[in-house]
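The data blocks that follow each hold one structure.
One chain, subunit A, appears in both complexes that follow, with subunit B as partner in the first and subunit C in the second.
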Partner chain A sequence: MALKIIKPGLSTSIQDLGRPGYFHLGIPIGGAMDRFAMRAANMLVGNPEDAAALEAVFMGPEIEFTEDVVVAVTGAEMPMSVDGEAVEGWSSFAVNAGQTLSFGFLKSGARIYIAVSGGIATDPDLGSRSTYPIGALGGIEGRPIAEGDVIPVGKAEQSPVGRSVSAALRRGPSNPAELRVLPGLYWNRLTEAAGQGFFDDTWTVAPEADRMGYRFKGGRALEFVDREQPFGAGADPSNIVDGCYSYGSIQVPGGTEPIVLHRDAVSGGGYFTLGAIISADMDLIGQLQPNTPVKFLKVDMDQALAARAERHAGLQKIREELA
Partner chain B sequence: MADIQSPLPGMFYHKPSPDEAAFKAKGDDVAVGDTIGLVEVMKTFIEVKSEIAGTFEAYVAEDSAPVTAGETLAMVSD
Partner chain C sequence: MKTRYTFGGDEHIHVEMDEEMSLDAFFKSLSMSNAVRDADIPGVTEICPANASFQVKFDPDVTHPDDMLKRVQELEHMAESAEKRLSTRIIEIPVYYQDPWTHETVMRFRERHQDPSGTDLEYAARINGFDSVEAFIEAHHAQPWFVSMVGFVAGLPFLYQLVERDKQLQVPKYLRPRTDTPKLTVGYGGCFSCIYSVRGAGGYQMFGITPMPIYDPEQKVSHLKDFMVFFRPGDIVKWAPINRAEYDRIIAAVEAGTYAPRIAEVDFDLEEFNADMAGTNAKLMEALNGA
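What follows is the complex of A and B.
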């Protein structure tokens, strides 16, 4: 059972829920940028939630199926069709051997997740099929999919057709998008006015936004509290003596354009980080297009944990709806 | 008259590099597969190619302007 890639799209990669446990060695967790959408896609076709699927950014691929399968596409809004006949997102539908799935122009969001009953069955690296191109791990030979690839699919145990995630249970960013931030260890490096300005200003997503990090521009440059830079930190006030980075941490090189580290993040370096996007909002970043307006909202740990619980509850509702 | 649409969101450029001429000017012949501009996203420049043949009319989207997927970039007449 297999998928034949007719057109790969811009950058389409095999992803699952990632390879936790190696970040201390510099290998990021990777996996779906929008884990919520990937879990939902897998649930729709009867796969375990951590099965591997395709993540396509901004442009859909064109895929021919060599066997009868059940497919679901979640995440961004992008019209699609099977042999020219329109099919709906966030729903499971049957595709017969020889048929082709293709996509139109992206309408909203940034990334679609294409789950196939049985799951993608490439060889895992370090316990995951997620593609990490810089480390040449996962995927097909460690790279995004390419024209002519034949991607193996596992055997499906059950493959329900015609199921949908109701619209109220889907999740995507608002416009402007709101991303909640927990201020971090280096917050005291900013002047009070700069810290306030960061939350007051509306930022926009820069074109340099990818799986490693999302860059934002358009807000005021940050001002730092004067200090004598410690040995090894470099002269720029946005520099620190090298430290660890977390997923979601926000670094601001030169104090100008914040970068939020995402699933394929580097694990450490010499920039101060003013805080981190809370885990509940990381999926939303994966659905931001360039030029989208964004506001950062300050929260405390209690609010961050409540948001995480709320996100888990949202997923649980989908599990119950599809059970 | 046919529209050439952006395949993806990003920054649209009329020129291959800042100090070169635009890919097309009014009256130029357009063949299927001709590049009419670039869209920059994720540190990559994607060539926008015409799927129709004809005569170049005009750019609709400005040079160095943000565009969305499906937005009309240029017009080509038969």
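What follows is the complex of A and C.
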């Protein structure tokens, strides 16, 4: 059983929930940018939530199916059809052998997740099928999918059709988007006014936004507390002795454009970080298009953990709805 | 040296041993990250040692962040009293300095460099007070280096030279990062050397290239069959300058599956090193040359 890729889309890759355990060697966890949406897509087609699916950004692929399967597409809003007949997002539908799934133009959000009953069954690398092109790991030969690829699919335990996640249980960013930040890491490098300005200003998503990180622009430049730079750090006040980066951490090279590291993050480097996006809001970043206005909201650890619990509860409600 | 603890969001604890780089800070970071690994704290998913800091990633649903912080802090005394001794290996890494491939890239990105009129090596030699590029290259490979961190991208080692601080070479990064760096480029930024494990963007100055693969996701290269990443923090490296003929010979040997890097098992004792750097390095070299 397989998917035949007629058109690959812009940068469509095989992703699951990633490969933890190798960040100390520079190999990031990877996996779906919007894990909430990918879990929901797998639930809809009766897969384990960590099954591998396709993640497509901005533009959908065109896929021909070689056998009967059940499919669900979640995440961004993008019209789609099977052999020209419209089908709904956040719902499971049957596709027969020989039929083709294709997509229209993106309406909102950035990434769709295409789950297929049985899950994508390419060979895992280091315990995951997630595609990490820099390290040539996962996916097909470590790269995004290409025209003509034939992607194997596993055997489905169950294939429920006609299920859907009700609109109230779906999750995506607001506009302007709000991303919650726990200040920390090298926050102490900023002056008080710079720290305040970071949260007061409205930023927009820059064109340089991918699986490694999202860049933002438009806010005021950040000022640093004066110091003699430590030995080995480098001359710029935004430099530190190269250290590890947290997922979601916000670095601001030269104090000008913040970069939030995402699932395919570099594991370390020499720029100060002012804190990190809380774990509950990482999914939302994966749905931001360039030029989207963004406000960073300052939270404390209790608020971060409450948001995390709320996200867990949201997924639990979907599980119950589909049970 | 004052330890600083901080959270990186709700899933990471970041521990900075010192703001500045030193072997003392590196050793403390390495032994404390080992202590955290040995403590087997529920919820810990990643432990990443770095040059003078380390990071723990954990699941806050399993252990509350405040409790995790306490558990990690409790281990600091163990790191302080730990012997600053490491059973490790010294590896000879051949380097073709001033090779044609990094030279082409050096010239292609000249407008992003501090000194567009020269090469990276000419610039590095001048700002470090050397009379010639040759003398600078000699200083780069004369004494061994410590792998103080593996990361940035897959399997990339950061290296810190085993010499007195006043002999450390220091070079800024490019003004604006390049969009391209040849695979296996030997680079330099701040007080660190590195080897680019894969082709891609980079901001370190480019000095040369090694023919020895250090990352192989397919695990076909003979010395990477057991694991795709060659380096571990704590490895010791000795650069060995080679010419084009030697470079070509090693490339052919790698392709034929017959290349074996020169490696010797050694013990490194930080106090012994601090007391007698030249003597300690000479002993390391003796072990390597006997391998």
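We adopt the following convention: the second predicted complex is superposed on the first by the 323 of 323 C-alpha atoms of A that agree within 3 Å, B and C clash if a C-alpha of one lies under 4 Å from a C-alpha of the other, contacts with A are read in each partner's own complex, and residues count from 1 in each chain.
Rule of thumb we're sticking to: a residue touches a chain if its C-beta (ideal position, glycine included) is under 8 Å from a C-beta of that chain, and two chains touch if they have at least 3 such contacts.
These numbers come from a predicted model, not from an experiment.
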For A:207 in the superposed arrangement: first (subunit B), second (subunit C), both or neither? first
Please indicate which partner A:106 is in contact with in the superposed arrangement: first for subunit B, second for subunit C, both, or neither. first
Of the partners subunit B and subunit C, which touch A:275 in the superposed model: first, second, both, neither? second
Using the touch definition from the top, say if A:300 reaches subunit B (first), subunit C (second), both or neither. neither
Of subunit B and subunit C, the partner touching more residues of subunit A is C
Can A:57 be said to touch subunit B (first), subunit C (second), both, or neither? first
Classify the contacts of A:178 with the two partner chains as first (subunit B alone), second (subunit C alone), both, or neither. neither
Figure out whether A:157 sits in contact with subunit B (first) or subunit C (second), or with both, or with neither. neither
Contact residues of subunit A, present in both the subunit B and the subunit C interface: none
Tell me, which parts of subunit B touch subunit A in their complex? 5, 7-11, 40-44, 46, 66, 68-70
Per the contact definition, I'd like the list of subunit A residues that touch subunit B in the complex. 10-11, 57-59, 104-107, 110, 207-210, 289-291
Which stretch or stretches of subunit C touch subunit A in the complex? 6-12, 14, 16, 18-22, 45-55, 57, 60-61, 64-66, 149-156, 158, 160, 165, 170, 172-173, 189-192, 197-198, 200, 215, 217-218, 229, 233
Touch list for subunit A against partner subunit C, complex: 20-21, 23-27, 125, 132, 134-137, 142, 182, 184-185, 187, 230-235, 239-244, 246-249, 266-270, 273, 275-279, 301, 304-305, 308, 312
